[in-house]
Structure formats: structure tokens, C-alpha cells
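Paired with chain B in one complex and with chain C in the other, chain A is shared by the two complexes that follow.
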Partner chain A sequence: MTTTTLSSAPVHPNVRNRFAWFNFWTMGALAIGGVVILPIVTVIYMAFTPGDDIWAHLLSTVMPNYVTTTLTLMVGVGLGTMIIGVGTAWLVSMCRFPGKTVFVWALLLPLAMPAYVIAYVYTDILEYSGPLQVLLREAFGWTTRRDYWFPEIRSTGGAITMMTMVLYPYVYILSRAAFLEQSVGVLEASRMLGRGPWQSFFSVALPLARPAIVVGISLVLMETLNDFGTVDFFAVSTITLGIYDVWLNMNNVAGAAQLAVVVLVFVMLLIFAERFARRKQKFHNAGGTYKVLPGYKLSGWRRNLAVVVCALPVSFGFVLPGFVLVMNSVTYFDAALSAEFYRYALNSVMLSSLAAVLAIIIGVFLAYAVRLRGERFLKVLVRFCSLGYAIPGAVLAVGVLVSLGGFDNALDGFMRQTFGLSTGLLFSGTIAAVTFGYLVRFLALSFGAIEASLEKVTPNMDGAARSLGHGPWQTLMRVHMPLIRTSILTAAILVFVDCMKELPLTVILRPFDFHTLATFVHQYASDEQFGEASLAALAIVGFGIIPVISLSYAMTRSRPGLTRHGGNVQKAAQ
Partner chain B sequence: MKGLHIFGLSHAYGDNQVLRDVGLMVPAGELVCLLGPSGCGKSTLLRLAAGLEPLQHGTIVINDTEVANADLFVPPEHRRIGLMFQDYALFPHLSVIDNVTFGLTAMGSKEAHNRAMDMLDQVGMHTHIDKHPHMLSGGQQQRVALARALAPKPELLLLDEPFSGLDTSMRARIREQTLDVLKRSGVATLMVTHDPEEAMFMADRIKVMGDEGRILQAGRPHDIFYHPKHEFVARLFGMMNRLEGVVEKGQINTPFGPINARHIEDGQQVSVLVRPEGIHLTDNSIPGVNVEVLSTHLLGHDSLMRVRRVDDHDGLEFHVRVHNEFDPALIYPINAHVEPEYTFIFPRDGGRVFDQQDRRDMEASDE
Partner chain C sequence: MTIKSNMLTAAALTFATVAAISSPVLAMEEVNLYSARQPFLINPLLDAFTAKTGIKVNVVYLKKGMLERLKSEGLNSPADLILTADIGALQNHVDAGVLQQTSSNILNRNIPAQYRDAKGRWYGLTTRARVIFADKKRVKAGEVTTYEDLTKPYMKGRICIRSGKHMYNISLLASVIAAKGVASAEAWAKGVKANLARRPKGNDRAQVKGVYQGECDVAIGNTYYMGKMATNEKSPEQKNWAKSVRIIFPNQNGRGTHVNISGAGVTKSAKHKANALKLIEFLSDDEAQKIYAERNFEYPVKVGVPLHPLVASWGTFKADKVHLDKVGSERTEASKIMDRVRFND
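Let's turn to the complex of A and B:
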């Protein structure tokens, strides 16, 4: 062939050396990813840094207690949510009884109720001076504690109950999706082979749904580990609470980090279980036809039992506490306002909005960088960035505090050396630190939603836009952004609401005397002034309902056969 | 030279080598078809030319300017190429007119609108400008995609299976329309397809690509059909009768008598391919071997039959294609003979066959 034309061909003016490893998107994603995983890396680093090694001390003193309590809590909440979640999911998916269509979405409502809020409400009702015990004493003429037995709400059992009541929807959503996905044919085959409805449930439907149930319970247990408000209020000494204690009360950074690593071990096991189950899920999606589910028509006592079984979690997980919150809010309305409700509400909304906007921008950037570049290490890094969601807020808070402190000190030292002026602690103890914490913890939410939505846009769209003369930025702005608009909005709402509810990170990282609605509720409840904080708690629940509504909307619309993988539901459930 | 020039292109996904030392040239105004089975790497070649895939080995030159080689890479937005995808990839959130003006960023909006309207007029879609893609039929989407790709007056147009999304009744008409528009625009076009008929219809020249990512033969549609150089190329156009044998004294023996094979060495193992339409059935006024018809199927324009030599009941069965309906009862006995033009002989070791026609081909494709 004519090689002469080759050598004489002029070089195109817009040439890029393709071996240049510097690329805006890769470097940008690396930088952002590096900053986001910094707190996680810091915690791990600190725990294994030799120094005043307090492992031995921890082991001989508080550790056994922490671990036992944490395990008890996890087993209790895991079992509780599994029984309620799977049971109600089976009833509303496979049976017909009065109110079924309402229960399908109403069973999700407790998701809007943070565990700590429900804990405050029930303590208010059930404690010695609460209305129920007062009523009982009056009715039976008891006068002191010794006259009767009443369960102590501020206990491990109490914490298990509270968390079970608000966390079971995770298991419910995922197992319902799994039941809906099961081919009716499989169940029919089981019936034809002589098994009754109950036997079919235990021998066919339940095993097929097992991976989904495991995913749901893993998510529940991650939330259980994350919980700070409930265990703090009930003085149930879990490791998570221990971190807070060792950090603030004993002033021991390394100790807190070492406890944090123990929590990380739990988290890793949960992530492993979840990933493993998700992989299995693919095989368990028994193909075939997706007809409308049979719907065993229940009658007599079975019907009544089904109604009661579904009504109980909704009533105690949402209706009753919601009612108490509303009543309290009305009663203590003026008191709440004079306790600067508006200021804290504004703080919450501003912080959460800021975090949501940042999470969206960074989520879009990372997801698009992965799409553009597709380098393997970039994908791995981004996976690591998504770990924040599984890591308890208290653990992340330690990481954020230490890494920001280190950065501040380094910056201060540098500025003093070169310019002779001290910047002091620039970020530590500021709103920036809180926002950063939120970002690290909830980036997975926005990234996951955006990535899933981007994946649905065919790469040919990119190709078309690029060949029509648009660069990567223009393509993002003119093609992808309009196409994934809805998912971005959904992701923003999810992050916003989770930030509104967030307690442990905020408590540890907030500036002195700075309150969000959540910390305000926590503080007032701890001071036995829950009435004044009810309006704030109600506001948190009110915001929490937004994603629940969209989730229930998605669930009622998803007919069997339409969402074969239940992908949206699962994403939303995270 | 205006147009696309590709040298020594090789590409692999992991261990899977999809392109091996591929070279091709598409001069301005010409339409070249890359014809090959699915998964043979032809779409990869298109993506490499467009700049959507990082180049691994080789050189790509557009309009005498290198756009990709081992050291440099011009991003797709600077290559001035039009690209039309199999799924058209119309932007679902934009109307027809906005889709077509999308690439006209260098012009003022008035000018862009006029240019887009002109293109839409050419493809006959100017009455649908405010519709969104989901409101259009497959054929309409295809025409909008063509208008969108041509609107910025690209130096080179790449078409990836442009008609595979259309149903057969529509395909022929759209194909003709598309060819008209392309010829009028004078753009150099590289089209990828797995459909031989489509390639024959559209192409000025065809490049046949085999499973191993190598170009097996290049030439005009006539050459590809009448002078295939590989068994693979000969088999592209449907069912073939295949025999095996050894060349003796410059010819090879077949059930239909000896066939000239002087261009192949004596003693060479060969396969002989005969197109079903290359076997002629006549009455015994014309010399041939006596055959019996085992089955006959009317396919529409022609009939497909299975025949066998009368004197050899365990012998090979052959497929025969004849025009219109064939009733074996009407003529008896039936004689069959093969037409040399539809008969191809290939060495069994996969080597090439050289003859006069081939030499001329090679000279033509070297340019």
C-alpha cells in the first residue's frame, strides 16, 4: 500500500496524545474519590497504628459487653424484621383479604419514622410516669413500682422492639418483590404435586425468596449498627455507642478508632452477605410466565388474623406514634417555637440541601467519569466510595474528625511557615465538617441512582452526540442530564431526607451549640422534654414520608412481569 | 485523497482478536460495504474510525489528515464524521428538528434551521419536524437519523447496519431512498452489514470480512458474486452444493462430469461449490447426466428441488433452483448439467486461487 501518503499526512489540530495518563475525568474522579474514602482509610489506619495500644485494655474491660450487646441487638432485630417483613409480604402478595390494597403501601410507612423518634414516643407512653402505667395504677390501685410487673422499655429488649418496628419494611419490600417475581407456574406445580399452600410456601416460595430476604436483613442490620439515638437514649451499650463514649467521655481517639474497626468487621460481614445474596438472586429468578398471582381468598378467622397481622406493624410503627407526635406538637406548639424550632428547621433544611446538591454533583461526575473512561481502578475506587452507606455514622464521624483535624493542622503549619499566619482549625468543628460527613455517608445513594439511570441510556447516544461535534461536557449537559432528570430528583430527595434524619454524625461533628432538628430532638428527649421536641420530630417524619410515598407509588404500579428484577424497588430500599 | 483511509488496523478485546491487519479505502462519493457475519469485528472497525473506541494498532486517515495512530488520537467530536447507528440513537428528549440541528453548532440558529429543514426535506421528513422520536415509525426514525448524520456535511459517513431495524416490506424502499440521498450528497460512505443482498444493492465496492477479523476479498459486487476467492465468500449468498475431490490432469471429476481446474496443481485436494441455480435441468436433447427429482418446493419466484443421479441411488443429493414452478412429470427423462460460471473450485488447505480475473481484481483494488 501507499505508505508515502501516511508519512506526509499532516497532524490534526485537535490531537490528543492517548498515552497521556492525565485526563480531566480520570484525575477528577481520582481526586474526589480520594477525598471521600479518606475518613474510612483514616479509621483503619489509626486502629492498626502502634501507639498506646489499648486493645488489651478494651478487651479486658468494655469490649465483651459491647460485643454481646451488639450481637444480641442484631440477632433480635434480624429475627423480628424477618418474621414481620416476610410474613406481611407473603400475606399481601399471595392472599386476598379486606384492606389488602391499602396494606400493600401502608406497611411501608414506618420507614419514615426514625428509630430514635419512635423510642422517645414509646418511652413517653410506657415509662413509670407515662400515661399507660398511671392508668394501670389508677385502675388497679397499685401505688409503687413493686406492686406490679411492667416491661422496662429502656432496655435491650426495648431497643430491639423499637428498631424492629421501623426497620421491617426493608425486608418487606425486598421479599414482596421476590414473591412477585416468582413464576406462578412454580407455585402451581407445587400445588399440583400435592403440597398445600403452607407447604408450598415453606418448600418453594420461601427458598426462592431467600436471597432477597438476606439482602433485606443485611440492610436492616447495617441500620441497626448505625443507630445511635435509640441505644443512647436506652443506655444500651452497643459498640456504636461505645465509640461515642470512648471518644467524648474518655477522650481516647485511638480507642474510638479501634472500636470503629470492630464495627467495620461486622459491616464487612454484612456487605459480604448482601453481595453474595445479590449474586444468588440472579439464579433464583426462576423464569417463566408472570401471571397475576393466585390470591388465596381468606375467610373466617384466617381473614381476621391476616388483617390484624398487617394492621399491627402499621399501627405501632406509624399510626400510634404519629398520632402522639401530632397531639404533642399541638399541645407544646408555643414551647417548640420558643425553643427556636424554626432556626433548627432552617439549619436542617440548609445542611441537607447542601449535602444533597453536592452528592448529586459528585455522583453525576463520578458516574459519568466511569462511563467515559471505564478504567478498572476507577470502578474499584468508586465502589469504595459507596461503602460509606454501610459504615455507621459514629465510625465515619471519627474518621472525618481525625482526617480533617490532620488536614487543618498541616494547613496551619504550612501557612505559618510560609506566610507567618495561622489559619487555626479551618474545617474541624464547622458546618463544612458535617456536610462532608453527610457526603461520605450518603454519596452511595445518589451515585447508585444516577449510575443505574445512566446505564439505561444506550452508549450509542454518546456516540451520536460525539460524532455530531459535541465534547464530553456538552454531551453530558445536552443529552444525559435531560435523560436522567427524574433519577437525579429521586436521588436528591433520598439524600436530603436521610440527612434530615441523620443523628450520630451530626452529634459528633456539629459546631458547638449548633443544632439540627435531629440533634435538637435528641437533646430535648434526653433531657426528658420530649413534648417540646415533638414538633421537630414530626417535621423529620413529615420529610421522611416523601420518599416512602414515591416508593409505594412505584410498588403499586409494578405489576408482576413488569419489573422482572425489581431493580428500582431494591435501589430505593437501600 | 478525500475520504477514509485505513492501514494495518488490528484490534483485540482481551484474548479475542477481532481485527487483523485490516486496510481499506473509501474515496469521496463512493459507498463501500463491509460485509461479514455478526461478531466478526466490522462494527469495531466502524467505532475505531469514528473515534469511539481507543485504537490499538494501525493508522486511520480522514481527508489526508491522520486522526488516529499509535501515538495520537483525535476525539470523535473533531473528526467531522457522520455516524448512523443500528438503533438510530435519536435523542428521545428532542424533537425531530432539534435532533437534526443538534450537530449544527457552528452555524447561527437561523442558518442551522434552514440546513436542517433542507436535509429533512431530502429524506421526506419535513412535515414531522415537531414530533418526538417515539412518535415515529422505524422507517421515519431511520430517515431522521440519516438527515441528522448528514446535516453537518461530514467528510465521511459511517452506517452501522442501517436497515436491519426495518421490516422487509419497508426495507427495499428505504434502501433506495437512502442510496439516492447519499449519492446526491457525494459523501464517502462506509457501511457495515451482514446482509449480502443489501451489500450488493448499496455498494460500489464490497469488502468481505471473515470470522477471524481479516478481509477475505475486496471488489465490485459482480466480482464477489461471480469470482469468490474463498469458500467463505462463495457461501455468503445462500445454500451451496459442495463436493470434495482431487485435481487430476487439470480437471476434477464430479457427478456431473469433469470440470476444468487447470489453474490448480494436479494432486491438490479441492472443494467444489455449485450454486443451486448453476445446475440446469433439461430434457435429454441437451447432453448431461440423467437425474431423478426427489422433492420440489415452490418458494415464490422460483422453486427449490433435490435431485440425484438416476444410476446412483446411494449417491449425493443436490439442490437445484429453477425459475417459476417446476413439474418433474412434464419432462422425462431429466438431464442435468452444471454451468461453469456458477461453479467454484477452492484448494482444501484454505489457500487462494489465482487466475486472470483475480489478477485484474487485485490491480483494481490496489489503486
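Let's turn to the complex of A and C:
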């Protein structure tokens, strides 16, 4: 069907070197990558446009504080999500304890909760005038703030806590997928060779899952880095607040873009450092022994501890704030529920699904093109494409605005000159612009998850499929896709849920009279009427939950050992 | 098989989405608006406009990125006019050259010269004063009468204010620069910072709540928040916050109280320029000005339009007469001062 060669089997080195890049996959990846990268390049370009020099001022005033605050936040959220995410993923994947089957999916629920929403909710509960402190004052007879100490929710610590609570599912979901895709054979071998459960975890399972865990944590860190809603509400001076300040208060887009680019470089260094650290490690699951996972039965205090460890993140990341939202929604039901509400919900769901589907198609295409051809420049390009996630949403939106506006106006100018007719703005201010914005921003989610999963499929699979007469396309569809199905699902859900919550791109790029649930929540919240927004916030969470739960269900089912042996093993596992 | 059908589903979904979301534009008189002001306030005004003129108003609500959007869309931009909640934003749009000069007898008659651009590139529609809310008991009469009093040693640990980087505070500081120069303004910001009861956080209402809760004795905020709190039926606890404070209009014996405006301007790209002007004229006239006053507790710019009774009960005051152009142009410097005095740390 096709004559392209496998990168792992260079048959005709000369031919390959000269014409290797001129093929469907590479050209396709170049074309897609070239478009996706445009807004990112635009932001970098903006950094070089003339503007007042802000650096001397920033460095001598607020910059040190921005940097320390941002790093503190990143380290805090990174560690927090890693411990909670990996720990709970391991517990529910490898151990048996009461409620495990519920925790498996319940641990994902906070994913649907936007960080800014949880920040509003907890501030109401924990601030000086909130019910908790009022209760304490009444109970102990304190009268003023100076009578006692209570942690300040609107602080760096508070921001770390809020973000950890809603972001750990990224790490959880990816590590769980990794643990599930691991062959139990290697773990058994480790145990047989005398390692205990803890040692096996640290020396075998963890290194095997490392690429996936790293992807999870880097997603978390990028989310943390460009969060605006939470840090603004908590008045925590991160560099992202600085970027907005330079842009809006000092009216200096170039300066803001410069700050954003510095952050980008920092993110690239982090990613590079991590890749460098594990440059010699490549793990594939060689064995086909996908038996049912052992499920160590926990008892005594271990069992209770496991239950508590899994229950805490679910309670504080989902149940409690969800309860507050429900109560508010009941109170404000009439105010919030209008005919338009359904329209907004429909807009949100449609647009998020569309973006998720596109992100998956493009993510698979790019990851597979890299795997197939492995050209260095392609690798670099694709990695660049994932950087949209590390740029603050509103700044990226400006990148999208400028690149689409530039394209539209150039085309319009050309058409006017040549044919005397005006095409006007083709993409600017349309649904297409919003969808494109989502793609640029969230491609890192789908690509990261898919690439990490594809990496674990041994190249021998490609070799076998190809030598049996499959072309690259058939190999992808019939060999790889079934193997990485779980990760594709994971990626789709992540993109969908993130699009449901997305705010700045939607607000800035949308057409006339267009709202989503997230913009609806924002318009009330920004007018300090969070109560009225609760129903919409709840709807965002609700629509997020459905795919999250179905994902979890699919993940459990999709473990190779289970699908291969059909329903019997599955029943036995329950 | 399944993957193929998944792809088909995906394609179908794509088309369904595009079909479902893109609503056809009706062939009637219309005008396209980019608004930084919020739907709750603006929608009733726009509905009244459409009812009166038959002109349909299409809106995009956006704050950040409005200027960048206009710039990148260029002369093909569909936007005919913009609405903003702050003089600084209007000024930035003028500086970027995206607003056009206009002239209208109605607007010149309705809006005092101080609140509009001489060349008609922007028009103020409402004003709001940035005032001091003082605890009725803990702050004695005459203890605080000026913005400058906030820096006095006896105010130590008694002030609540939102982020120094919020545009309302940037504009307030810019007005101090306009009145007294950069050095004095910096000393003022430093003095206020030294007297804060807590790190700046929360919004204007949260500061009044701080007074109510006893965390501080005075709060700085915009007048209309007082009206919104005092009449809040949905969150009745806010009525108590409002009850705990009285309004002090600062600097009545000097330059006057700082006021900011919300305003509008016609874009250079406007394809419905006449309709855009009609809308601004409507917003500056009695019917709309009354809605502004009653719904949002703002001060109408048009002379003779009645205030909300509650707003009227706060009494009349002398506003800072500096032209808002000048305040707008000092905003960058104000923002840098906030950095230098580490206002938010």
C-alpha cells in the first residue's frame, strides 16, 4: 500500500535521508504544526515589538517577589499533586480496601471543579466572617482577629491548597493509566526477586510510570503557572498577575509578551531538564502477561489509612464545594435558570466536544508522525506546539487574535486587489477562532497523554505489523489505537473538561452574543454575585462528571488483560 | 470498524456544532458593540434602545483584550462602538487610534465638557466617586476628611483597601499625581500602605465588610457599591455591612473627590456609524441616564436627571475638576508607584 520505511528499520539509508521528510506524515505534521504554532510565535514576535522598557523597573521592584511567589506556588502544587495523585492512583490500582471501586472514579471528580470556583467557595467558608471562624469565636469567646490565630485563606498557602485540590487528578489519571498499562509480570518478578511491596513500587512501578507522571505534573505546573482567577482573587502576586499588570495597567503589550516569553523559556528548560535526566531510559512492556492486578488486600490500620487517604481529596476537592454550590443553586434557582441557560450549556458542551475530538485527531497524528519518522525538526516543532498550555490564556488569546486578524486582513487585501471583492474577516470573531484557541491551548493535554502512551508500545509491534503487510495507517488503526485507547480517552476527557472551564480565550475570541457556562459564571462572579452563578458552576461540574465517570469505567475495562480474556476475568476481578 | 465510525461521529459532531451555534444574522437595522461593562446593567439599556429605535444591538462582552481585538481586526472589524468602565481604557483606545472623531449636538448638550473628549472620540456616560467609607462609631466626625488624612499616623492599622493594582485604585493614584506630582503621590501611596489593616485583597464590598467585622475602621470604595449593598435583597447580610458605615466625600475644601467615568466611543471601522452615535446619544439621554442611576446607583452625567433617592441621601459633593485625560495619561506612572511602594506585598 505504501513504500515508506520504518524509522527503526532503515532499509535504504540514502533514499531515506534525501527524501525522508517528503511524505504524507511528515508533511501533514508540518502543516498542522505550522498552523497551531502561529499564535505562540505571534506572542514571541510581540515581545520584540517596540514598547517601554519595563525590566529595570520590574527588577528593582516587584520582580523578586513575583519569582519567589511563583516558584513557591509551583513547588507546593507540584509536590502536593504528585503525592496525592500518585499515591491514590497506586492505592486504587494495586490494593483492595473498602470503597475502592467508588474511589477509582470519585478521585477524578475534582477535575471538573474550576479552581476559581473552589477558591470562592472556600473563602466564604474560611474567612474571618465565614461560618467556621464565627463558630470558633462563639465557642471560645474570642472577639477580634487578634485573639487567636487562623490560617489566612487568601495567601500563597491558600492558593497552593486550592490548586492542589483540583489539579491532582491530572497526575492521578495519568499515573493510574500508566499503572494499569504496566505488565504485572515485571512486578511479580520484582517481588520474586525479594523486593517488598514498597521497594517494588519505588524501584519498578514508579520508574515505569515516570513518563506519565511527569506529563501529569508538567500539566499541573503549567496550569498553576498561568492561573489568573485564583491568584487574582487571593491577591497572590505571581508572575502571571505581573504579566496582566504590565499589559493592562501599564498599557504595554510588548512588555507583557516579554514576561510571558521568559516564563515560556523557563518551562522549556524544565521540560528539557526532565527529558535529559531520563534520556537513557526507555521502557516498553515486553511481556504480554497482563493478568488481573494482584490487589493486595489491606487490613487493620493500613486499610483505614487507605480509606482516609482516598476520601480526603474527594471530600475537600469535590463533595464539600459541590454541596455549597447545590445549596446556592437552590437559593438562587429562579434568578439563574433562564431559557438562555440551556443555550449556554449547549454551547459549552458542543464547543468542548468539538475541541476534544479535534485535539485527539491532531494529537494522534502528530505523535504518530514523530514515532514514524522521528525527524529532529519535527520533534522540535511538535514540542513547540505544546507550549500554548504554558502561556496565560488571555495573552495566548491575543496571539490568536493577531495571527487570525493578520491572515484575514491579508487575504481580504489580496482578494480586493486581485478580484475586487472583499472577504472581510473569515475567522476572527467566529466559533472557529474560539475552537482554534482551545486547540492551541490544550493540544499539550492530548499530545502529552498520547505520546507518553505511544512511547510504551514497543517498536517491535510496528515491525511485526509492517512485516505482515500493514502500511503505517493500518498499523496505527489496528495495532496502536487499540493499545493506547485508554490514553486517548483520557486525553479527550482532559481537553473536554478543560474547555468547559476555559474562560479568557472564550471571552476574548467569541462572536457577538455568544456565551458559555464559564463566561456566564464569570459575569456574575466578577460582579460579586457568586450565588447567582452557582447553578452554572454546578452545570460545568455536572457536565464534566459524566465523561469523567465514563472514562474511569472505560479505563478499568480497557486493561489489556481484561479485554483480551473477555467478561469472565472481569467478573472475577470484582 | 469502530474507529471509522468514531471518525464519522466526529465529523457529524463538527457539522452539527457549527450548524447549531452559528445563528443567522437577521436582515434588520443593527449596531455592533464591544462592551467592558456587564450584561446585567447594559442589557436593560440596550433593550430600551431597541424598543425605541428598532435597531438591534449585537454585543461581545469583554474587558481584557478589547483593544487588541480591535487592533488586529483592523478596518474590517465588525465593531461599531465600545463601552468601557474606566477613563484609562478609553484613553488607551484613543492612543491606539481605533476610535474616530465624531460630533453630535445632542451629546455636546447632554454631557459636560469635562466628561467628554474635545474631538468627540470618547464620551463619559456616568460618573462614580471613589470615597471613604467610615465606621459610624469608631471614626469620629472630622477625623478623616481628605485622601491625605489616610496617611496620618493615627490611621495606622485602620484602613482596608482592595489591590493597589486594580484600575480603580490606579486611577485614584493617577488623580493624586495629576494634582500633586509624582513624588508627593508616591509618598501618599507609601503612607496609605503603612496604615493598612491587612494586605490588600478582595473587592470594594469586601473592604466595607472588613469595617463591619471590625478588622478596620475605614474602607475605600466606589459609591455605587454602597447602593448595591444597602439594597441587596438576595444577600441581606450586605445591608448590615452598608449600615455600619457612613460615606465621606474626601477633599471637599480642596480639589474635590476623585471621580471616574464609564464611557463610550465610535470605532474607526464602524460600518453603522449613524446607529452607533444614536446609541451613545440614547445612553446620554434622560431615559437611559435614569436607568443608570436607578439600577446601578451611578451619577448620571446629564444635568437634571434625578439621582436614586438613596444616592441623593448621601448629599451633594464637589468632584475633582481635573480633566480626565490627564488622569488617564498618568496611569502607567501610578502603576509603577504601586510597585515601588510594594503596595500589595
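Side notes on the structure shown:
Criterion: the second predicted complex is superposed on the first by the 308 of 574 C-alpha atoms of A that agree within 3 Å, B and C clash if a C-alpha of one lies under 4 Å from a C-alpha of the other, contacts with A are read in each partner's own complex, and residues count from 1 in each chain.
To be clear about the criterion, a contact is a pair of C-beta atoms (placed from the backbone, for glycine too) under 8 Å apart; a residue touches a chain by one contact, two chains touch by 3 or more.
Keep in mind it's a predicted model, so treat the numbers as computed, not measured.
Once the two complexes are overlaid on the shared chain, A:Trp198 sits clear of chain B and of chain C alike. By the document's definition of touching, neither partner reaches A:Phe48: not chain B, not chain C.
Judged by the touch definition given at the top, the superposed model places A:Ser353 against chain C, while chain B stays out of reach.
Legend: residue contacts after superposition of the two complexes on their common chain; A:Tyr128 is shown touching chain C, with no touch to chain B.
For chain A, the partner that touches more of its residues is C, with chain B and chain C as the two candidates.
Contacts of A:Phe140 after superposition: neither chain B nor chain C is touched.
In the superposition on chain A, A:Trp301 makes contact with neither chain B nor chain C. In the three-chain superposition model, chain A touches chain B and chain C at no common residue. Contact residues on chain A toward chain B in their complex (touch as defined above): 1, 3, 5-6, 9-19, 458, 460-471, 478-479, 482-483. For chain A in complex with chain C, the touching residues are 52, 57-58, 61-62, 65, 128-129, 144-145, 154, 234-235, 237, 241, 244-245, 247-253, 332, 335, 346-347, 350-351, 353-354, 357-358, 361, 394, 397-398, 401-402, 404-406, 408-409, 412, 422, 424-425, 428-431, 477, 481, 504, 507-508, 510-514, 519, 523, 526-529, 531-532.
Against chain A, the residues of chain C that register as touching in their complex are 3, 7, 10, 13-14, 16-18, 20-23, 32, 38-40, 58-65, 68-69, 71-74, 76-78, 88, 92, 95, 163, 165, 167, 170, 199-203, 205, 209, 212-215, 234-235, 331-332, 334-336, 339-340, 342, 344-345.
Those residues of chain B that touch chain A in the complex are listed here as 1, 5, 7, 23, 47, 50-52, 54-55, 59, 61, 64-67, 71-83, 85-87, 89-93, 102-103, 105-106, 148-149, 152, 158, 366.
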